[in-house]
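Shared chain: chain A. Partners: chain B in the first complex, chain C in the second.
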Partner chain A sequence: MGRKVAFLVLIITALIVCYPILFILAGSFMGEAEIKNYLLPMLTDSDAFVTWQLIPEMPTLRYYVELLLDSPEFFRMFWNSVKLVVLILAGQLAAGVPAAWALAKMKLPFPRALLFLYIILMMMPFQVTMLSNYLVLDTLKLLDTHSAIILPAVFSTFPVFIMHRFFSSVPEALLEAARIDGAGELLIFVHIGIPLGSGGIISAMMLGFLEYWNLIEQPLTFLKTKSLWPLSLYLPNISLENAGIAFVSSVAAFIPALLIFIGGQDYLEQGIVASALKE
Partner chain B sequence: MRQPRRLCRQSTCILRSKKYRAGICFLLPSLLGVTIFVLIPFADVIRRSFAATITETWVRLSNYAAVFQNYAFQLAAKNTLRFVAVCIPLLILISLAAAVFLHRQIYGHYVKTAFLLPMAIPTASVVLLWKILFHENGLLNGSLSKLGISGADWMNTNYAFWILAVVYIWKNLGYTIVLWMAGLASISADIYDAAKVDGAGEWKIFTKITVPCLLPVLYMITVLSFLNSFKVFREAYLVAGDYPHESMYLLQHLFNNWFTDLSLDKMAAAAVIVALVILILILMLQRVWDREEKK
Partner chain C sequence: MMQKTVKEIINYRRPDKRNSMRAKAIKALAAFLVLMILFTILSRVARQVTIPAVTITNPKKGTIDRRIEASGQVEGNQLLPVTTAAGLRVKTVNVREGERVSAKDVLFEVDMEDLAEKIQTLEEEIEAIDLRIDTAAANSENAENKRELEQQKAAENYNRAAASGNQTVASAYESMIAAQETKAAAAAAYDEAYADYQQKEEALSQALEHQQNVENMISGDPDGDYNIQKEEADAAAEKTQAERDTALQSVETSEQTSQQAAAEYSAAVNEYRQAVEANKDSLLDKEHAIQDADLPADADSTREEAEIEREGKARDLEKLRKIQENNGLVGSEIDAVVTKIGVSAGDATPEGMNMVLADTAAGVTFTAQISEDDRKYITRDDTVSLTDADNNVFDDLPVAAIQANEENSELYDVTVHLGGNKLEIGDSATMKFTKKSSVYNTCVPIAALHQENNQYYVLAVKTTDTVLGEETTAEKVEVTVKEKNAAYAALTDGALTSDQKVITDSDKEIEAGDRIRVEE
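Up next is the complex of A and B:
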């Protein structure tokens, strides 16, 4: 009996946790009059309070159509976000996967010190690296370009660490057998390392996607030109006067992240676990 | 020709030795990037932390003294520490309770998905909700007034800190539950069975078996939660802007404002201080990891 009650409490908590999504979704299907009606107390000086419905009274796709057909600005920001995320993840793959394999399975001088360096760097928050990033980007004349966001992120050590955890669990005997058969290091990496570590690569890319789709601090600091901004920074600037468009844009920004989440929840969980647990 | 060659062999014997060549080739692109974008500029930041911004003259520790005496730094550091001290224990306890429970439920997986979902939602997508929820005439005050409780102007009073705490827990609960559940799954069922045969009760099993077995996970969760706690800046900034209510003025706000004022000397000193604090934390983490390995 007690268990059932506790489970019920958990489910209710879970619903509360998901409430923000339902709230935004509901808003995106409302018409102008309905939203204005609900939000009026925030827009004017009054003593009344905002009200809300999770099911719109008169559902409409009006703002979705407006977003698709008549908002070039939104699309520019959306593509900025896509461009940043795709290039960052591609760069992380190119530089990070071989590095992770080397740290996990190849002979290196000072292997422990190198790994420790990567761990330290992955844990530094933006406030620590902000000034150093600025100095190097200024020297390279990259400020106010997308490269200012992409290049430092490509060399983030977090994905290297996650992939390293997965590569480490590849059995050593397998590599020995391949070496005896005369396989070179590159061949071993391509035919054994990448297939067996693919779970780790996907996990790292998923965590990366969620992180870089959500960029705030870096573009805020390094991009002065607003037309270069990603969606994550642009969205909150839509005022409540245009609440309808703000709701629909919020949903549109959420959908790619949701698709990734649904498609790879297991990989995401593996990645989270890899970030903390020692096998 | 012989002379330079020998010199070269001496200085780069590591790079030259065949044993390491392949490994270094694999690591080099990444390590080079890290060196250019992080290590060298951070060395420059350390140098700058001992120098004046414009004249670049040596000022010894005066930048550090200026940072520690700065009211905004004291406020931001105090808020950041307070945030950590309040939120992390709360997050850990709530997620542990949820994980212990979900661990043995058939439908636990679905509930876990629900808790994990906020992690995927871009901060920008829910800013609208936080604004509507916590406005003086917003949804929360509306609901409270129906219950006959008078609300508050949440974002412009000391409540702002607590709002930020709730948002942080909302966002990180799923992440932490997943970690706890992985820890729980690694405890073998045999120990539980043995304890039950010996007649131990649920609470006794929890305190004598589950909790000790989860200790290493606890260290890890604490450190990761600490590091994720820096990311609440996003919510604070998007909802309240550059100068929020002072109870939620965090270190990242301060760094941004110093950046705008071009107080690079103070920024450099403060970056070194924060880096040192985190380094000490990581060294503690590393010790726990090593101890685990020896077991």
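Up next is the complex of A and C:
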């Protein structure tokens, strides 16, 4: 009985949590008239509330067709997002993984102070570092290029922090044994560190993907040329008149994130757990 | 052992129950990306196909030449009407409009029988009019005689009245003179009697005074004897008294006589005046009678009218006889071109013109109609060129006149005199005229100009930074047209810059804000 009640509560909670996604899915299949009818209170500044139905009265794929066949700007932004995310994640793999390994397993001076600095930097919201970022990027003539987004993100502290947690859990004895067997530090990193820390790497990449797929502040601040904008800026550019397109593009933006989530759900959980562990 | 452990560690695979799920998700992600690539290409192709391709141009400096073209006809300078008597039946019409005729060429022929009938009718009518004229003449003579008689009578009456009147007046005058004399005599008698009376009166007063003196002497001297003196004095007084009374009586009598004579005189004067007045009145009446008789007889134009009518008929008859002499043929008197025909075979000739001929010797004129708008650009003495049907071009012909068209107030007739043998009456030709304007800084092709609610605008190319890079869109720029012709429009400066491009043509309909693809 108790289980059933708990199950019911969970189902209701899940429905509430999933409601925005259901809302968007329903909206993406509605026609223009239907959407306008529901969203009328928003358009007319009246005091009435917006109503919604989860099953469209007259389902249509019109906006899917319009988005997929008649909105090249959507694809431009989509591929911009893909490019940004792929390059950032690749950069993080190249820079963050060795950094995390070094921080966890190499004998560095003041390792705790260094880690503390990392955590401090990680805690800082973008708004705090925005101005210094801007000045540096301006000096490097990187403003209004994708590098302005990619480079700061590549050297982000968050994935290093996550991966550091995983690399720290690799037994020291194992590494010692490898050294005794004559393995060099690089060999140990490649053959022991990476495989054993792969969970951490993947979860850091997952979290990174979700973060960079949804970037808003950085592109808005550093990119002036619209053709460089990522998909996350597509929606703010759509007027309420084209709400149907907004729903469909939301669905399209949601799909890769969903697939990544399904593919790496457990890594994601590990990553979240790792980032939540107290020092 | 250690090696084995290391190998296990290296080949370590996390036991994962969701392996298949993950693989599916990764496959789905790959498929999703492939789909996205596909749709990216498709949407770009679709965009490329749907975006209107436009041709553009820069506003240029230039002139707005006004080309005026109008077709018109060549007409004769001098038009002569051909007229005959009205109402004749036309037998044949021998010419057509536009036909060239020489002097003495037959234009049309009238029916001889009908003509003979018409002549006879006219002759009879003239005879009847002659009769009316004779009657009217006789009536007029009678009236004149009658008037003369009246005048004579009136004169006689006057003379007679004057004679009798004068006699009456003369006799009254004589009576008046006689009365006057009588009156004067009576007056003299009276004066005389009165003088006598005054003497007697004086004598009486002297006698009375003497009598008084005597009495005074008696009373002053009562004792004296004055009887004799007294008796004498009394006797003298009595005698003078009696004489005086007689004289008084005589005065009274003569006074009465004088008064009577005066009354008779004034009566005579009255009678004389009345006689004069009566004579005057009588003569005035008779004078009026003479004046009445002298008045001219009532105006009567019967005869004149009849004579005028006769003249007209005689003229008509003359014309008809002339036609009869010509065997019913009506010919041209000059070398000309027939421009209008008002007769047709079988119908009667109309009142007024039967045909209109344009005199070939008088030269020709080209006339074309232009619109009110074009009128502003062409003035008198501007030179135009004419192109005839055979594409012969005649240049530098001055415009002789521009006048409002009589039939259509929105059109104007442009007249060009043609000398020489350039064009003939009836030829069609096209007039061409080009008016150069001043230089305008901003000229765009007329195809670039659009109008909405009486406001002109052009669609300029606007480059905007969009997600797809720099995109060109059509931007509406409202402009003011200074002048335009069929090809170009001059715009007021300011609205467009010379490096701003305007859209002149598009393969699809475009509106402001539409994306466009510029074709170089």
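As a convention for this text, the second predicted complex is superposed on the first by the 259 of 279 C-alpha atoms of A that agree within 3 Å, B and C clash if a C-alpha of one lies under 4 Å from a C-alpha of the other, contacts with A are read in each partner's own complex, and residues count from 1 in each chain.
Everything below uses one rule, namely that a residue touches a chain if its C-beta (ideal position, glycine included) is under 8 Å from a C-beta of that chain, and two chains touch if they have at least 3 such contacts.
As the structure is a computational prediction, the values presented were derived from the model and not from experiment.
K.L.:
Quick check on the superposition: with chain A as the shared anchor, is it clash or fit for chain B versus chain C?
P.N.:
They fit side by side.
K.L.:
Taking the superposition on A as described, I'd like to know which of chain B and chain C A:Pro20 touches: first, second, both or neither.
P.N.:
So A:Pro20 only meets chain B here.
K.L.:
Output check: A:Leu187 vs chain B and chain C. Expected answer is one of first, second, both, neither. What do you get?
P.N.:
neither
K.L.:
Using the touch definition from the top, say if A:Gln265 reaches chain B (first), chain C (second), both or neither.
P.N.:
It touches chain B and chain C both.
K.L.:
Given the touch rule stated above, what does A:Leu115 touch, chain B (first), chain C (second), both, or neither?
P.N.:
Touch status of A:Leu115: no partner.
K.L.:
Once both structures sit on chain A, report the angle chain B, chain A, chain C from C-alpha centres, rounded to the nearest 10 degrees.
P.N.:
100
K.L.:
Would you mind checking which one, chain B or chain C, touches more residues on chain A?
P.N.:
Looking at chain B versus chain C, the one contacting more residues of chain A is B.
K.L.:
Between chain B and chain C, whom does A:Leu143 touch in the aligned arrangement: first, second, both, or neither?
P.N.:
In the superposition, A:Leu143 contacts neither chain B nor chain C.
K.L.:
Please indicate which partner A:Leu151 is in contact with in the superposed arrangement: first for chain B, second for chain C, both, or neither.
P.N.:
So A:Leu151 only meets chain B here.
K.L.:
With both complexes overlaid on chain A, does A:Leu93 touch chain B (first), chain C (second), both or neither?
P.N.:
The answer is neither, since A:Leu93 touches no partner chain.
K.L.:
Examine A:Phe247 and indicate which partner it touches, taking first as chain B and second as chain C; both and neither are also allowed.
P.N.:
A:Phe247 contacts chain B only, not chain C.
K.L.:
How far apart, in whole Å, are the nearest Cα atoms of chain B and chain C in the superposition?
P.N.:
14
K.L.:
Intersection of chain A residues contacting chain B with those contacting chain C?
P.N.:
Of chain A, residues 234, 260, 265 contact chain B in one complex and chain C in the other.
K.L.:
Under the touch definition given earlier, write down the residues of chain B that touch chain A in their complex.
P.N.:
Result: residues 14, 19-20, 22-24, 26-27, 29-31, 33-34, 36-38, 40-42, 44-45, 48, 98, 101-102, 105, 111, 113-129, 131-132, 135, 137-139, 141-142, 145, 170, 173-175, 178-179, 182-183, 186, 216-217, 220-221, 223-224, 227, 230-231, 233-234, 237-239, 251-252, 255-256, 259, 264, 267-268, 270-271, 274-275, 278-279, 281-282, 286, 289, 292-293 of chain B touch chain A.
K.L.:
For the complex, give me every residue of chain C touching chain A.
P.N.:
2, 6, 9-10, 12, 14, 16, 18, 21-22, 24-26, 28-29, 32-33, 36, 39-40, 42-44, 46-47, 50, 465-470
K.L.:
Where on chain A does chain B make contact in their complex?
P.N.:
6-7, 10-11, 13-15, 17-18, 20-21, 23-24, 27, 39, 41-42, 46-52, 94-96, 98-99, 101-103, 106-109, 114, 116-121, 123-136, 151-152, 154-155, 157, 160, 185-186, 189, 210, 213-214, 216-217, 220-221, 231-236, 240, 243, 246-247, 250-251, 253-254, 257-258, 260-261, 265, 268-269, 272-273, 275-278
K.L.:
Which residues of chain A touch chain C once you look at their complex with the stated criterion?
P.N.:
So the residues of chain A in touch with chain C come to 68-79, 82, 174, 177-178, 181, 191-192, 195-196, 199, 225-227, 229, 234, 237, 255-256, 259-260, 262-266.
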